[in-house]
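The first chain written gets the first letter, and so on, giving A, B and C; residue counts start at 1 in each chain.
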Amino acid sequence: MSRTATRAIGVVSRLAGMAATLLVTSFLVFSSLYLAPGDPASFLVRGRSAGPEELARIRHRYGFDEPFLVRYWDWLGGVLHGDFGRSYVFHQDVSSVIWSRLPATLLLIAASALLIAVVGVAAGIVGALRRGTRTDSMLMLLVTVGAAAPAFVAALLLRSLFGVKLGWFPTIGNGTGVLDRLHHVVLPAIALSVTFMAMVTRVTRSSMLEELGREHVEVAVSRGTPRWTVIRRHVLRNALGPIVTVSALLISGMLVSTSIVETAFGMSGVGSLLVTSVNQMDFQVVQAIVLLVVAAFVVVNFLVDLVHPLIDPRVAAAGSAR
Amino acid sequence: MALLEYENLSIALPGTARPVLDGIDLTVSAGEVVALVGESGSGKSVTARSALGLFPTGAHVDGHVRVDGTEVVGAGPAALRAIRTGTASMIFQDPRAGINPVRRIGDFLTEALRVSNGWSKGRADDRAVELLGAVGLPDPERHLRQYPYELSGGMLQRVMIAAALTAGPRLLLCDEPTTALDVSTQAEIMAILGRLQRERDLGMLLITHDIELAAAVCDRIYVMYAGRIVETAPTAQLFGAPRHPYTAGLLGSSPPLRAPAGPPARLTPIPGSPMGLLDSAPGCSFAARCRSARPGVCDRTPPPLEGHGTALVACHLAESLTATDNTATGEGT
Amino acid sequence: MSAQMAGVTRKPIAKLRSMGGGWLEKVCLGLLVLFVLVALFAPWLSPQDPTYGELGTGLVGPGADHWLGTDQGGHDTFSALIEGSRTSLAGPLLVVLVSTVAGIAIGLFAAWRGGWVDTVLGRLLDVVFAFPALLVAILAVAVFGKGMTAPVIAMSVAYMPYTARLVRGLAMQEQARPYIAAYRVQGHSALYVAVRRLLPNIGPTVLAQSSVNFGYALLDLAALSFLGLGVQAPTPDWGAMINQSQAAVLRGQPLSAVVPAVAVVVVVVAFNIVGENVGDRLAGRKT
């Protein structure tokens, strides 16, 4: 069989695997909230007194009286069309509730991802090249503490120091206008990235060290290739596989941590929406956000799987040999 | 002036009992093929790498290495690059480990030309195709686009040789170039190396543990043990009358390439095992394994290489052993 | 290196004991023991009742009456730190216990049965793996209400794949070794060999992973309490203490939040260093 055909079959089977994972996920999320104690209809009329007929009418209108599988099927059909149902609290479509908060969260994630990629990888490279020196020891100490510093601790310290004490950055809210929004996102982005930056630094360093010890690196040096060319083309390039794989695995933790950071900094975004929705028992919104977080993780890792042969051609060889 | 010249080169690593290299003197002239023979751990590879300034990390280096008159010990990056990209290049033992697995063969071959000499991709590719032809690889254009995992070990070693020739060097350092290959490929690779050496009049330092292989291709042989050169002589002379017991032991323990008629000669292994970096002996480091060792003599530091012309030996017993009989061949009597 | 490759680990537990570790690891181990002792004897150690808030003594600085000051509600921070160690450590301990036992069982089962059982379990673990632990905990709160019981159970499931995958991988490796075949040939049952012979060999590595998991579980549960979804007032808890001190932080009095934050980081760092160093040594890696 031709290599392209084998590769296409591999992609299709992975795609099917991803779809299965997402289906199981959606079922788990839907059924877990179905289990929630309490009658959603009486929740909907909270505050107002309602007779049994009115409750029955509401149940019927929202489809609460349908069997479980039918309701799951309807919900799933809606989700596939981007319809996550209606929020009981906001009296709006869940999708528009999330959509309006998405830009703030995406900005936060983008800023953190940039920090993680640039600072994390750079620190890892420095650590590997300065292995065993004082710089390396300091970096590794920072990495150990950073990996253990959760977003809420980082947020607390950054807010106290740079927000309250020095007054360099705002301590609360999203800001308005481009520059003000960027000004508001600096501290949250740092708070969100500390842990993941530490992990990326660690994997970059160890992956670089492993590649630095390889004979092909010595061969490149023996051929008079300049040091930085060797590091860029043979060490970092070859170390990229583990760095990308680990970074993709960190995505899920990062997405959840937006709820911590957004709550800590009083920002309005999808993360803080999750927390307020849990507090207000707005199950439709909780369902949608949980599903989106898991789906984002699954899709990103699927894409990383797809591009892996480009990073390391041996992966493609191993795949087609199966 | 010798093309490659070692003068009293010593390399020591912290935390080891004996130096990795201890006073190496060695020369390779232009167009000459010289072998450096010894067991694993004797320091052959370290010696070869030193010619390109590739010293072990943290090592203390003493003495001189000169490539075409340029001093390597203590040389700055620019001088080292000049040697590595011009005068000398090296062929490594395991091509599978020595060629970056995630880059294409073409990239490996042309990197030096493009990065160091600033050649365009087209020009460098043409040169690579020409070199792959010279090492006998059919269909070179296709190989340029392939990845290392798609080629066999023998093919990769040809690629490695082609890469070593890109800059048109005058000195070729071959570190066990056939050890990682299967037997039938070994002969082909040696044949290619021999042909290229003659065609291009290359000076060549062949590092090998196989003294018979060295004899087949080399003009002169250096024998190395525990970081020292213990004997050197033109090939025929070394084979005819080995003067150091270790040389004799090596000859007695390896099967001859061209077996003489009659029943095969019995092989006699050298007893014991080579000395590690954490071991040291007060006198001659080979004494513990030497059948001819004499107490009171061999526990003194052995003399430096001495002798007439190009045949030199460093052994307390060299005179007495050659003067009396051939007990030194280690084959017993 | 060859010595390490040649040496088959016969008695890893004894090896673990003899290896000792560096001074940093000893300090971390000492800190962990200290925190555990504090948690065990918290009611006798805390100088004041941390749930008793005195009006008019809010946000007092450190002094003789309140060693680490008070929070906004006048609660003694030092006492809250001590009593909070109980909930803060007990939650992750339960998560790690349950997830480790379940993970070992599932990992061994997958490795031993192999074939489609292994494949199906692998796919299911992949699905669980896609749910970050904190998200699972938040979901559990959404379903069952605030508190620690539901999140702890839910997080036990979320942490299980890490142990299960590790155990499966190790068991696969060990199975290939001759000693396992030798036991099977002697007529021992698969279960006997797995529990009595295989587990002791892979146990320390699993323990090292559990130690690292403990740190992360602590972070997740503290985050949950920080979000106001976990431990509820007046029960003292480190995450909840930080949550309740947010207003004080904005007023430039962050001490009552910084104290529990430092405790969280110190405990997690200690667990990570102990776990990773032990793991590295078991795997024959030296940093």
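Throughout what follows, a contact is a pair of C-beta atoms (placed from the backbone, for glycine too) under 8 Å apart; a residue touches a chain by one contact, two chains touch by 3 or more.
Keep in mind that this is a model prediction, so the values were computed, not measured.
Touching chain A and chain C together: no chain. No other pair of chains shares as many C-beta contacts as A-C. Centre-to-centre separation of chain A and chain C, using mean CA positions: 22 Å. Centres computed as Cα averages put chain B at a distance of 55 Å from chain C.
Centroids built from CA atoms put chain B at 54 Å from chain A.
Contact residues on chain B toward chain A in their complex (touch as defined above): 49, 52, 54, 77, 80-86, 89-90, 92, 94, 97-103, 111-112, 115-116, 147, 149-150, 163, 167. Interface residues of chain A, counted against chain B in their complex, comprise 214-216, 218-227, 229, 233-234, 237-238, 311-314, 317.
Within the complex, the chain C residues that touch chain A are 123-124, 126-127, 130-132, 134-135, 138-139, 141-145, 215, 219, 222-223, 226-229, 239, 242, 246, 249-252, 254, 257-258, 261, 264-265, 268-269, 272-273. Residues of chain A touching chain C in their complex: 17, 20-21, 24-25, 28-29, 32-33, 35-37, 144-145, 147-153, 156-157, 159-160, 164-165, 171-172, 252-253, 255-257, 259-260, 263-264, 274-275, 277-279, 281, 283, 286, 290, 293-294, 297-298.
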